[in-house]
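Consider the two complexes below, in which subunit A is the common component and subunit B and subunit C are the respective partners.
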Partner chain A sequence: MWRNVKCKYCFLGQIIDYYLLLLYIVLLHLKMSSHDRIDIFPSRMNLTIMKTRLKGAHKGHSLLKKKADALKMKFHSILRKIIEAKQLMGEIMKEAAFSLAEAKFSGGDFSHVVLQNVGKAQMKVRSKTENVAGVKLPVFEHYEDGSDSYELTGLSRGGEQLSRLKKNYSKAVKLLVELASLQTSFVTLDESIKITNRRVNAIEHVIIPKIERTISYIITELDEGEREEFFRLKKIQQKKEVIREAQEKVRKDWEKEKEAREVFASIPSNHVPSMLDDKEDEDLLF
Partner chain B sequence: MAASRAGKLLAVIGDEDTCTGFLLGGIGELNKHRQPNFMVVEKDTPTGDIEEQLRLFLSRKDIAIVLISQSIADVVRYVIDAHTDPIPSVLEIPSKDAPYDPSKDSILRRAKGMFSAEDFR
Partner chain C sequence: MGDIYDMFFNMDSGYLEGLVRGFKNGILNKEDYRHLTQCDTLEDLKLHLQGTGYGHFLANEPSPLTVSVIDEKLREKLVVEFEYLRNHAYKDLATFLDFIKYSYMIDNIILLITGTLHQRQLSELLPKCHPLGIFDQMETVTIANTTADLYNAILVDSPLAPFFKECISEEDLNEMNIEIIRNTLYKAYLEAFYDWCQRTGGPTADVMCEILAFEADRRSIIITINSFGTELSKEDRAKLYPRRGKLFPDGLIELSKADEYESVKRVSELYAEYRPLFDGTGNNPGDKTLEDKFFEHEVTLNVNSFMQQFQYGVFYSYVKLKEQECRNIIWIAECIAQRHRAKIDSYIPIM
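Moving on to the complex of A and B:
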């Protein structure tokens, strides 16, 4: 019945998921095609700041990658240990169950006695933390606390089997504590590996491209500014040239006029040249 | 209860023989509310009870490890899979009628793909 209901919603859910996915892809595309960079003013100082930041991001990326590799190695070694320990545990449990059957056979059914006489636990565990590549892994350490509360059980019959049974089970408990501590560190490592990988990918695919886009934006803006400046200077030079030529032309015209006036001024109206004038004659050169 | 502050307990969910064995190993305790840290599961114990007890063990602060028979673990697989905290850790143990089957173990399934079948020979 539960499965039928699930199927109905399954189909509707699938349609909704499809549309949500489509919407997400469209939004992502829009975001990507616009300028997805950091909003800062394009100056030379900011360019240097961005370059430094890029270097920092590259360094952080390689460090995190190393951390992820170290964690992965530890993860594999723990996994191998877990597999071994589980094999061992299977065998020890078999042995313990067998000795239980033996004890029951010779000593009768003591389960009720045991289940009723529960008081304080003798076997307890303490948790410590172990540091691996910056990740704190919990580790269990087992210790005995107090005396055996089942000392008097089995005194009537089957005592030897019972004591052997107790030993077997306490051995099993010790192994199980180790196994549990391996398992917790396994789970913790798994989580931290996922987080580290997520961060590595984020830096590689989001942060570094963003900074690179910002840097190329600043460089384009600066280049454009230079070109504008260059063009502006050229235009100013041209204008100055034109103005200068115009001024030159005016000056020349003015000078010609002045000369012409002087020439007219230096010639008196009734003057006829005679030989008796005290005027110097030009030298005759032959 | 100074001892329980420094040390944490193991809990057991299993059939009568499993529980008896482990209690003889010395892990059984009744806390101040007379709540035990073990549960005996028979063939006719309802799944809801098992699930409730397991969730109770998982939420208790003084229990660090929960031992559960693999056959019972199969019944409440979804609770174990949903439990992703490292502490308390859930350990699947074989019962006397069902030998240990690593392919059903929740923890090993999380690392699926990281080891091959020959590791289990």
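Moving on to the complex of A and C:
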């Protein structure tokens, strides 16, 4: 019965040990992740590698910050242009719509004939890319293709109002193209500013501290190694000192004994120790 | 000669003339226009129109009201009245009313030709035609694939055939700009109308020939002015002048040589009726344009036609005045809707 209980406790003990081990590993892992450094072997070469990487990270950070500033400046200028263009747009569209009403008054309802007669576009849009601090922004420009196929519309009535109408609406279309290109660049710039800022912050708050922590870890490890080495040497010296003292003591004892024996046996002869004697020699100590 | 017209006119057309004079009394006057210009929204406009002869024509329209809906409904009223007149007319009055319809038919045919040449569907084009200009063969226009088919098969049977025959051949239809076709047709129409009125004689001829002569001259002058700076050559331009106005023949020759606005003005000022129209016009804001002055003159002539009795001119004048009224109401509605009240008083007052 005692053996059964012992076995049961043995088994329980094993389970408890197992869980304790798990707990230890988990805690260790937590401790490690809050340190959050790069896992490399702490050697001197790795220290130099890490230091170079830190320098690179600082340089990258400053360059990206400059890029973010340049993009922000362009962003603000585009924003100002958009506001101006939109205000102008409101006025021009109002005038164009009114000139349509005037043309309809004098010239009757010409809209159906114009719509039916439409062939290909007279005003077209081309897109180009503009490079701002490494970001490619799309820019639209308009160009006229072909001649005015509606020159003679309103020949017998309303012609003057119609030509004014054409001018007003072509102004409106040109402004629309400009506004479209400004707005697309606005959106693209916004995206790239967000990305660049994210990268700057990532370098500043994650990468550089990580590398710094790694460097300090390597340094502490190296220091600790040195201290261990130093301590080990000291210990060895201490131990050798003790051994030497012990041997010194033995030799002194032996000499004392030798003296006593000499006094005891000094009368008969001068005992000259010879090399062939079966005596113990003392050890040589350096 | 005058007796015959007085005696027999009322037999055939007296009822309809009375009807037209009644319609004419319903045309908006200065008071009505003053009320309309003071409206702030299209709903107010609708309210004011309810008090006039238009009544509740906009009653069933869903809100919000738009200008195009008002336009449609105004035109619908005129169309209904005209169709009634046409259906009750016979003999000469019927021919006369048909002549009025031809000008709308010309617009519709031009629209259909353009649409067919660009392969549009008939169902798309038909709703865009002016309702007064619908004729039987209209739907067959779109069956033709080329202008040759169009010409041979369809246009020769339509009521506009004589106008086509006179001046446009098959090749011309292909090459000519659609606007030139339109103006050539209109020239033929105007000349035919004028000749018919002249043949009818009597007070009809007195009234209508005056109005049509002014229309012819007005077209010649406007075509000349609008063709400056376009690809239209002087010879082509001269072919578009209707030859029934006061400017024919000398004025037209001078006009065909004109190169700029000043020369046109000089030619027109030789004719007493047209000189005051050119005074005070210009492109500065606040000035009336030449077209506005022409509209005013036309309105004066049309109102004066009601002074004479026993003639068909009242029907023509009524249609034109009603159209002008539609244009005025739409103009005021646009100014209100676009909140651009600066030029709201630029309508043409009628009575």
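FYI, the second predicted complex is superposed on the first by the 218 of 286 C-alpha atoms of A that agree within 3 Å, B and C clash if a C-alpha of one lies under 4 Å from a C-alpha of the other, contacts with A are read in each partner's own complex, and residues count from 1 in each chain.
Criterion: contacts are C-beta pairs under 8 Å (C-beta built on N, C-alpha and C of every residue); 3 or more make two chains touch, one makes a residue touch a chain.
This is a predicted model, so every value here is computed, not measured.
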Clash or fit, subunit B versus subunit C on superposed subunit A: fit
Touching partner for A:160 - first (subunit B), second (subunit C), both, neither: second
Which superposed partner A:89 touches (first subunit B, second subunit C, both, neither): first
First, second, both or neither for A:207, with subunit B first and subunit C second: neither
Touched partner set for A:188, first subunit B, second subunit C, both or neither: first
Between subunit B and subunit C, more extensive residue contact with subunit A: B
Which of subunit B and subunit C A:126 touches, first, second, both or neither: first
Which of subunit B and subunit C A:179 touches, first, second, both or neither: first
First (subunit B), second (subunit C), both or neither touched by A:116: second
Contacts of A:143 with subunit B and subunit C, given as first, second, both or neither: first
Touched partner set for A:38, first subunit B, second subunit C, both or neither: neither
Shortest CA-CA distance between subunit B and subunit C [superposed frame, angstrom]: 5
Residues of subunit A at both interfaces, subunit B in one complex, subunit C in the other: 94, 97, 101, 104, 118-119, 153
Of all residues in subunit A, those that touch subunit B in their complex: 76, 79-80, 82-83, 86-87, 89-90, 93-94, 96-97, 100-101, 104, 110-111, 114-115, 118-127, 138, 140, 143-146, 148-150, 153, 162, 165-166, 169-170, 172-173, 176-177, 179-181, 183-188, 190-191
Contact footprint of subunit A on subunit B as seen in their complex: 3-4, 6-10, 16-30, 36-38, 40, 64-65, 67, 84-87, 89, 91, 93-96, 99-100, 102, 105, 107-108, 110-111, 114-115, 119-120
Complex contacts: residues of subunit A adjacent to subunit C: 94, 97-98, 101-102, 104-106, 112-113, 116-119, 151-161
Complex interface listing, subunit C residues touching subunit A: 110-111, 114-115, 118, 120, 125, 128, 177-180, 182-183, 186, 219, 222-223, 225-227, 230-232, 240, 289-292, 295, 327, 330-331, 334-335, 338, 340, 343
